[in-house]
Amino acid sequence: MSKVVTFGEIMLRLSTERFLRFSQARTFGATYGGGEFNVAVSLSNLGVETDFVTRLPNNEIGDTALQEINKLGVGNKHILRGGDRLGIYFLETGAGTRASNVVYDRAGSSMATITKDSFDWETIFEGASWFHWSGITPAISEQAALECLKAIKVAKQMGLTISTDLNYRSKLWKWGKEPKEVMPELLTYSHLILGDIDTAYFMLGENKVQPNYQDEKSLPLLYDKLFALCPDLKKVATTLRYSVSASHQRIGGLLYDGEQIFKAHIQEVTPVVDRVGSGDAFMGGLVFGLMDAPLDMQRAIDIAVASCCLKHTIYGDYNLVSLKDIERFMDGDQTGKVSR
Amino acid sequence: MSKVVTFGEIMLRLSTERFLRFSQARTFGATYGGGEFNVAVSLSNLGVETDFVTRLPNNEIGDTALQEINKLGVGNKHILRGGDRLGIYFLETGAGTRASNVVYDRAGSSMATITKDSFDWETIFEGASWFHWSGITPAISEQAALECLKAIKVAKQMGLTISTDLNYRSKLWKWGKEPKEVMPELLTYSHLILGDIDTAYFMLGENKVQPNYQDEKSLPLLYDKLFALCPDLKKVATTLRYSVSASHQRIGGLLYDGEQIFKAHIQEVTPVVDRVGSGDAFMGGLVFGLMDAPLDMQRAIDIAVASCCLKHTIYGDYNLVSLKDIERFMDGDQTGKVSR
Amino acid sequence: MSKVVTFGEIMLRLSTERFLRFSQARTFGATYGGGEFNVAVSLSNLGVETDFVTRLPNNEIGDTALQEINKLGVGNKHILRGGDRLGIYFLETGAGTRASNVVYDRAGSSMATITKDSFDWETIFEGASWFHWSGITPAISEQAALECLKAIKVAKQMGLTISTDLNYRSKLWKWGKEPKEVMPELLTYSHLILGDIDTAYFMLGENKVQPNYQDEKSLPLLYDKLFALCPDLKKVATTLRYSVSASHQRIGGLLYDGEQIFKAHIQEVTPVVDRVGSGDAFMGGLVFGLMDAPLDMQRAIDIAVASCCLKHTIYGDYNLVSLKDIERFMDGDQTGKVSR
Amino acid sequence: MSKVVTFGEIMLRLSTERFLRFSQARTFGATYGGGEFNVAVSLSNLGVETDFVTRLPNNEIGDTALQEINKLGVGNKHILRGGDRLGIYFLETGAGTRASNVVYDRAGSSMATITKDSFDWETIFEGASWFHWSGITPAISEQAALECLKAIKVAKQMGLTISTDLNYRSKLWKWGKEPKEVMPELLTYSHLILGDIDTAYFMLGENKVQPNYQDEKSLPLLYDKLFALCPDLKKVATTLRYSVSASHQRIGGLLYDGEQIFKAHIQEVTPVVDRVGSGDAFMGGLVFGLMDAPLDMQRAIDIAVASCCLKHTIYGDYNLVSLKDIERFMDGDQTGKVSR
Amino acid sequence: MSKVVTFGEIMLRLSTERFLRFSQARTFGATYGGGEFNVAVSLSNLGVETDFVTRLPNNEIGDTALQEINKLGVGNKHILRGGDRLGIYFLETGAGTRASNVVYDRAGSSMATITKDSFDWETIFEGASWFHWSGITPAISEQAALECLKAIKVAKQMGLTISTDLNYRSKLWKWGKEPKEVMPELLTYSHLILGDIDTAYFMLGENKVQPNYQDEKSLPLLYDKLFALCPDLKKVATTLRYSVSASHQRIGGLLYDGEQIFKAHIQEVTPVVDRVGSGDAFMGGLVFGLMDAPLDMQRAIDIAVASCCLKHTIYGDYNLVSLKDIERFMDGDQTGKVSR
Amino acid sequence: MSKVVTFGEIMLRLSTERFLRFSQARTFGATYGGGEFNVAVSLSNLGVETDFVTRLPNNEIGDTALQEINKLGVGNKHILRGGDRLGIYFLETGAGTRASNVVYDRAGSSMATITKDSFDWETIFEGASWFHWSGITPAISEQAALECLKAIKVAKQMGLTISTDLNYRSKLWKWGKEPKEVMPELLTYSHLILGDIDTAYFMLGENKVQPNYQDEKSLPLLYDKLFALCPDLKKVATTLRYSVSASHQRIGGLLYDGEQIFKAHIQEVTPVVDRVGSGDAFMGGLVFGLMDAPLDMQRAIDIAVASCCLKHTIYGDYNLVSLKDIERFMDGDQTGKVSR
């Protein structure tokens, strides 16, 4: 399989440990992650060559993020250095009836303050067959939104498959425009879109987001709208999440190819070690499945759901699972028997 | 809302970490707490002015407890210093089928050895409208029991609302008298009593405590007995707890105003991060609810149950939740969706 | 009760902490354990005199293992010192849908390289009434298998009761022979055998192991085969495990005395703190029960299951529970009420 | 003694643990501090009433900083809430031949983005007798510099004693003006200035900073310059630091009252647990000494040096020592004898 | 060598970690120790059979202390169980110019509340040749002092060698009598006394203790006084300690046999990992040396000093060094070369 | 600069934390390192392209080592996978008068059991200009020694510069031959040799190793011997180490080019955070210096000594310093001033 390029921000994540509240924390666990980077890590672990494009500050925190990218085997040769700071987010990991809480501290980050014409997309996309972006990047700043559009256009021109995760974040989008003013144009180039129904309608400017709500019956209507909007669109997928509590999720997924809906079984996920990035794990699994066996839609959605479920058991933003782990999960061995 | 005063002991709690048994522990987590202090913290977090009255030793351990009280915004200006030691309790946190275990080491504490006429209750209660005490204080020592009675009488005289948590602890009450010889007189002044059926009967000298047993049908009879005993009594509440395991509780609650029983929905609480102090969180929520909207009994019991449930997810003895956290819980958002 | 001798390997266990994957670990928790040693610890905690026979390297790691044995009150006076290294195993503790994973690093261990006639079994068994071994020891190396046979024969000759845990490990048995070439002869001396159906058939050379499968209906047939093979056999037991996930197990057990099957109730075990060694805890409880009240078969299997369940809540390989803990469990107090 | 007000920024400090380099850190120790806040903490520990004035973001990180201020007994009633973020600095603690390294991430902080006329200095200074500021505040942003000047002028008008720590930070002062364009005007109101010779000349626009250099002979000349510039100036002090390594400092100090130089003995400080904030500890000790016994200049400089030395042994930014600790140090008991 | 018996209290020690002050500690390191126990551990590590006599509470904290005693190979068969609590002491480990601080919390401990005739000293001393006690035991309570005297008398009668460490603790001795009223009688039976000059005079009622002062010239005079007081006295020893700081000690030692003073070289000890128990390590080394080669006084004092120096590098109260470690030290290999 | 290839073993290092002895450790810090790998890391941090050649087991521990290599930017494309296990070494970090201790557990490692003709050295050395090996590799096993010789010969043939660190380890060399039977032939191809005098004589079969001894006067004689033995030899270097204690080293170095000796200043290194790998850091600095400015011998030895000193302050086996860090050290800024 040829290379997948993803474009976005990688942040320093500072998370409270052992379910402490922010006011109790005397230490923070320090990891690195971000939606598009997490997808690249998932793919890299599954054996796909990847390149992650971003901008990192020229300081020791940026250096450390770069080492992390290296460690995970994700390509970094088109990463720019500059700007003032690495974006940060604080995570208070919830448990049971108490939800996790995120405090963003990413204003003025190196990625948010990229300058025009910094990235040479023609060179970046050389040898690549797939470009992935998500709705977080255009939410960061106007210039990030413009650069995202530029990347998409070059990708389209060079014939890459373009995938998109809608990824709405209510605490972002503060640079002056609403999602509905920006996202529709960006979306029109997509070949594959991942998004739940509310997020999708919200991005399109039609609806309010309601948490934990998956109106499966309305999905076909949404899917038709997306297909109508996006001339290149081939597939739409949705993660089905039924949250029992912060520690217990039920996870399934749908994949629609314009004709048929393929559905994965709902899986019980409890306890949740770390929920953040589970959507990115889904996306990474989906892209892998569609690259690996483009005609086997059922396998693709099954891999996506398996990846998503396993991610919930792994500390940090990105999914550290191999194809062997995923296949073992899909073969039904979720029994927790010790392998020895 | 005017000030709430609580009176009791604050202890150093030494808990094993990561579910280790005592014999495995090489470190202890060190926090501070005690029934009546925990109620004060709950109220302080909900915006109520509080004053906690106790006696702390004049050493560095006492100093540290005082800093903790400060940090949480609880009033300390009537705290006495003196005596030999801060009471300690060791906590082995259980999991699943193994219950938590407490080893008390509070004999001879500064609070147990208070001397007569140390506290000037007239001054302490100036500007306060509510006094809260629990069955732990009279269990510590004879002098603590006498001082508790004195405080109650002054509170009555000065027109404060008096609330009581029965709080029976089988490993205490070793100073010579049985609960039934002490508690009935103390209880007669109460306006609000919190207690489960067995504890209540036991404190009154009629019954043995049976663990994990909530005979809802007999509660009205008990409530009538309490109303008969206590001339000022306005309301009685009971926490309903159905323990599935050390890690899984089902929590509800009742509030009776002499005419009608108000009942909160049973909530699933799993996993349990820290069960200790969940009754105090219930009490704190109840007092807040009755102060905040005295006529809305249903809201009061709902806040109490929400507080109690959320406490189970928080490390340490006291509840670190805001009104916003509680309202979010009551609005049904227990889905564990990450707020971002 | 007179002394129980167990014979096997004790290893250094290096486990990732807080559910980290191997690639995330910057520290390993260091504990010591091994099937036969774990049984000795269980018995020692229940008040039985024990002696653990093994061989430890003459270095600081061997010294530390010896201190651990001392600490737990297990007899060590017949432990040999010598050889190159203490066997190691790495444990990645799973959670939810992700199974735990073991990487063995025990080749060339001091125990695997024992030399002929190192152990003087006549002396070792003086004053002992019971000998316990498991299928792990003959899997380590040819010499370990030979020494195990020798010990069994001397035990038989000296009139000890012999118990066996079949304990198949797919990642061991690499020294040249298959289980079926070795185990049947060893088993013929057993008075008590613990094993699930697949393991038993596999050891006997008839079947493949299928994970998480307990065909209760076929057990009587298996039991008859074992009774046919082993002339001294008095009892056979089986742990019933239904794995819901790595964090949730359902545990029961059967004990058959050649005439009647005694069955313990299935217990819910969630969350699982540490699953490793839960079979050894079952075995230890069973041996204790049969020594303590040989005629009360139901109590023996109940103790075994209670021990096994409680072990799942305890970090490390061996079970740190007292008879009081077990009796409390059997009395139905699994409610998680804090003891205070 | 009446109240001391300090004005400045409090930051979240994220420090690597156990001398790890940034690239090795998987956790950060989280504490809070800042030059002017640290002075307030020192004074509060020495029994002086204090008020710290700053602006904190309206998020959970700001709440936590506020709790820390509470805990330490520093007054907070004039703290504003608002703005986007709490400033952060990353600290890599050095050892031996490797220096500590700071990465600032405080751009756009709530304090840097204060708006005009937010603080009502007349009210803030009611009941206060002393105002302390440092060269860090005007380095943060233009508005912070303007507000600092405003505070100084009001303080002057209301008759407070004004103290200043020059506190040059080479990685700050990026908002457009040089120190020499801003500091001289601010300094003219000072009654007490703390600063080493290079910093002082640099702030005045005459010299370059040379690390680790204390030209004691030139100090009188500098002192004369400062007295010439500042009409209200009564005293100037200098910390003498001779760095042997990151782990070994030699600390002394001078205090000049316009007529005579008072000098404290040079003290050996090794090992250094945490050097950050040791200058603030010096300042806090000096202010305390001059408030407590205004005529005893020798005692004041001795307290300042003792405070500074002890701070090097304490984790975090601020000095946690009592007057008893300082007096014990000054009495010569630096022998490390265990107090028991 | 035959058995050494020691008699005293073992406490739970709760120490702050990484040089934190008490008010900063969120965890305490938990170890166990006490003067006379520490001597037994030293001897056990050096291959001497030992028995430690004390009283432990019948709770899980007492059980854990007992496991620790077991682990270290110290005999425990004469330990009584009973009483209310294990004594505790809190330790704030100092660094550099800040001394360590101890807060005792041992009032009402199981050892302090021993009852008359609990210990059967004739049985305890069977097979033993040496009895060691220290000045801490009679300081705990009147009954402990009486029991100590009783033990000493039985030891004398049964012909054991009796050694004493004067061990003055200013924060103890609160039960009503002064050291000088108690110690002289106890001391008269000693064959070997360890004590610095001030402590010795203080115990004898003649002097005040001055910290960190070793007037070597006056020692002969003191030694003569002790020989005059104690008819059985054969040897007196003194630890020479010159404290440079809490992290840097200079350690030497003297041994006097009534005729000649044997002196060990002064050793530089820096950094100090844990100073507590270094005197006990000295005592343990001295007893071992005198048992192992009674005529080689120089070797005995050299072993004592080597033990004491090495203890400063070891966390916890007792010395974990082998004879090989000590001999390597005495051979001059203090160079810190890695052994590999 | 063109690529440097190094060949050797990378091990899992398990080190006790906070100066604990092995018997106290409940966790081990897990890092990865080995002499030749450490040199590659040093060079990679200094901007030199590197390739590390080794063999890793096909398990998760091997995978993790590979990720670590990736993270550090060292080339891995010629690393083989296979064999049974990753070598391990246990490290007990000493302090002050107690030396560090290493327990090797590397027998049977994947590197020790490499098979003939596994490595294709012609391909490996393509594009490389320098080959580095050390005396550890031939000490591991006969096959490792043979492969090392083969690599050296191919390197010679292809015109690479060959550097050698003598690196004697007394606990290795157990495969049947003595160093003097193996090393001289290997050494004859060297262009650059690093070794202290005792090690050198020992490797040549003439002397015994004496710890901590640097007979500078005899070095010229040794150097002449090495030049006589090795026809291609251009330069010899020696690390001068004077160990004051495990926590305090004095470090210097010599470089001899056959004509002149260049000497670096002796530096005080205290405290020592982690001594292991400091020789490799010296070697890495030396190779860098000679590649970067081949004619500036003084700068090369200065860089080597600076690298070595800085390594002592860094946790783990390899040196995490940049050229900027080294130059800052060489510019004399060892003062420990915080950079901010």
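We just call them A, B, C, D, E and F in the order they show up, numbering each chain from 1.
Convention: a contact is a pair of C-beta atoms (placed from the backbone, for glycine too) under 8 Å apart; a residue touches a chain by one contact, two chains touch by 3 or more.
Just so we're on the same page, UniProt names per chain: A, B, C, D, E, F = 2-dehydro-3-deoxygluconokinase.
Not measured: the values here are computed from a predicted model.
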Exercise for the section: Note the shortest touch-path length, in steps, from subunit B to subunit F. Expected result: 2
Fill in the blank from the handout: Overlap of the subunit D and subunit F neighbour lists contains A, E
Fill in the blank from the handout: Top of the farthest list for subunit C, CA-centroid basis, is D
Exercise for the section: Would you mind checking which chain's C-alpha centre is most distant from the centre of subunit E? Expected result: A
Problem - Same or different residue numbers at the subunit C/subunit E copy interface, by half rule - result: same
Handout entry: subunit A-subunit D separation of Cα centroids, rounded to whole Å
Key = 44
Handout entry: subunit A and subunit E: spacing of chain centres that average the CA atoms, whole Å
Key = 62
Fill in the blank from the handout: Contacts with two or more other chains occur in subunit D at residues 23, 26, 67, 101, 271-272
Completion exercise
Here the pairs of chains that touch are A-B, A-C, A-D, A-F, B-C, B-D, B-E, C-E, C-F, D-E, D-F, E-F
Handout entry: Touching residues (chain side subunit D, partner subunit A) in the complex
Key = 14, 17, 22-23, 25-31, 59-61, 63-64, 67, 84-85, 88, 90, 92, 101, 103, 105, 107-108
Practice task
Provide the residue numbers of subunit D that touch subunit F in the complex, in ascending order.
Solution key: 18-21, 23-24, 89, 94-102, 104, 169-171, 211-212, 243-249, 271-272, 275-276
Handout entry: In the complex, subunit B residues that touch subunit D
Key = 67-68, 70-73
Fill in the blank from the handout: As the complex stands, subunit D meets subunit E at residues 267-273, 309-310, 312-316, 320, 325, 328-329, 333-340
